[in-house]
Amino acid sequence: MKISARNVLKGTVVSIDKGATTAHVKIEISPGQIVTASITNESVDSLKLVTGGPAYAVIKSSDVMVAVD
Amino acid sequence: MKISARNVLKGTVVSIDKGATTAHVKIEISPGQIVTASITNESVDSLKLVTGGPAYAVIKSSDVMVAVD
Amino acid sequence: MKISARNVLKGTVVSIDKGATTAHVKIEISPGQIVTASITNESVDSLKLVTGGPAYAVIKSSDVMVAVD
Amino acid sequence: MKISARNVLKGTVVSIDKGATTAHVKIEISPGQIVTASITNESVDSLKLVTGGPAYAVIKSSDVMVAVD
Amino acid sequence: MKISARNVLKGTVVSIDKGATTAHVKIEISPGQIVTASITNESVDSLKLVTGGPAYAVIKSSDVMVAVD
Amino acid sequence: MKISARNVLKGTVVSIDKGATTAHVKIEISPGQIVTASITNESVDSLKLVTGGPAYAVIKSSDVMVAVD
């Protein structure tokens, strides 16, 4: 499947923290650069995500903000 | 200002494409890794964004999806 | 690619309206039920979307609201 | 109330899964086509949602992505 | 229609700026406090929005971030 | 840090409700006008949010809908 989301960042799962219904998954997309995703527990299971495994962080452009110092 | 968004990725603006009301800003967050942001033209002006300048891509965790091959 | 987004609705592209930077794509997911997506023109080109062609509307659960009469 | 969100899909609530603060509500919008919404427990109570009851899945166009095989 | 979005802020439309496909609508929700919405031109027409008219800014809780100085 | 999000509403934290992984934070942005944010517990700790303390509700324009009666 090819998706319209412009941002597909390849990385490695470094942690998975499941809550009651929502999980936080951290993906290291380059050395020291971590992206946190908040997804359903259901998705964690369905994608068979495991710490140390490969994964992509996928983000729609309209959800990216820009900031400057 | 410190923000709750878990993802604040430092980089360099590599292109700014202004449309009628909406602009697409590309930020290189590590060599070859580009994040595209879709923001208002008004924000581009207000932040004084310029190609080659420093900027952060800021993303709320609930807007990050995870994918696997 | 398999994605964490819980909502992947199969349908047919019924219209593509490109603006200056942002396009509106309408996908019929069941007879008479249309979903509108607002995506970048760049994505329309990259996915080679055409009216009448097959496509999925993909939506993260945290972006779905619920309403009642 | 009439809302700007372009996507208002009528259906029936097929399940409600409340977590600690966040609930997952599944709405069948056509036979076999389920949309999952991740909303606050507070909203589930406020809307008096019940399994088997009618409900709309409401989605802003800028939150809809498009994918192709 | 009653919606799950926790944030429904009543105000007055102070400006409407239509682009090619996307419009920016500014709503004053209390004296001097303006909220900007980026919606489709189609929605502006469908809701018959006019400068000076009443309107609500509607925001899902998962789209609200928190910041401190 | 200066951010592209057009909506930065100053207020006071009136409640913090931590769940398993996700917290709901209510900010009063003008007398009687409350904005609810759904953020990670991690962010609540990182920003040292406390009831009664000052905070901003930050919202990207593309996440604001408009409604009329």
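Worth pointing out:
Lettered A, B, C, D, E and F in written order, each chain numbered from 1.
Convention: contacts are C-beta pairs under 8 Å (C-beta built on N, C-alpha and C of every residue); 3 or more make two chains touch, one makes a residue touch a chain.
Just so it is clear, the model here is predicted, and its values are computed rather than measured.
Within the list B-E, A-B or D-E, C-D finds its counterpart interface, over half of the contact pairs alike by residue number, in A-B.
The angle of the rotation carrying subunit A onto subunit B, fitted on C-alpha atoms and rounded to the nearest 5, is 180°.
When every chain is reduced to the mean of its CA atoms, the largest separation from subunit A belongs to E.
If you average the Cα atoms of subunit A and of subunit F, the two centres end up 23 Å apart.
Distance between subunit B and subunit F, defined via averaged C-alpha coordinates, is recorded as 21 Å.
Subunit A and subunit E, compared by their mean Cα positions, are separated by 29 Å. Multi-chain contact residues of subunit E, defined as those touching 2 or more other chains: 1-6, 19-22, 24, 36-40, 42-43, 47, 56, 58, 60-63, 65-69.
Under the stated contact rule, the graph of chain-to-chain touches falls outside the line, ring, star and complete shapes. Interface note: chains touch in the pairs A-B, A-C, A-D, A-F, B-C, B-E, B-F, C-D, C-E, D-E, D-F, E-F.
Contact residues of subunit D toward subunit F in the complex are 1-5, 19-22, 40, 42, 60, 62.
Only residues 3, 5-9, 24-25, 27, 29-30, 33, 35-39, 43, 47-49, 53-69 of subunit B touch subunit A when the two sit together in their complex. Listed in rising order, the residues of subunit A touching subunit C in the complex are 1-6, 37-40, 42-44, 46-47, 56, 58, 60-62.
Considering their complex, residues 17-24, 36, 38, 62-63, 65-69 of subunit A touch subunit F.
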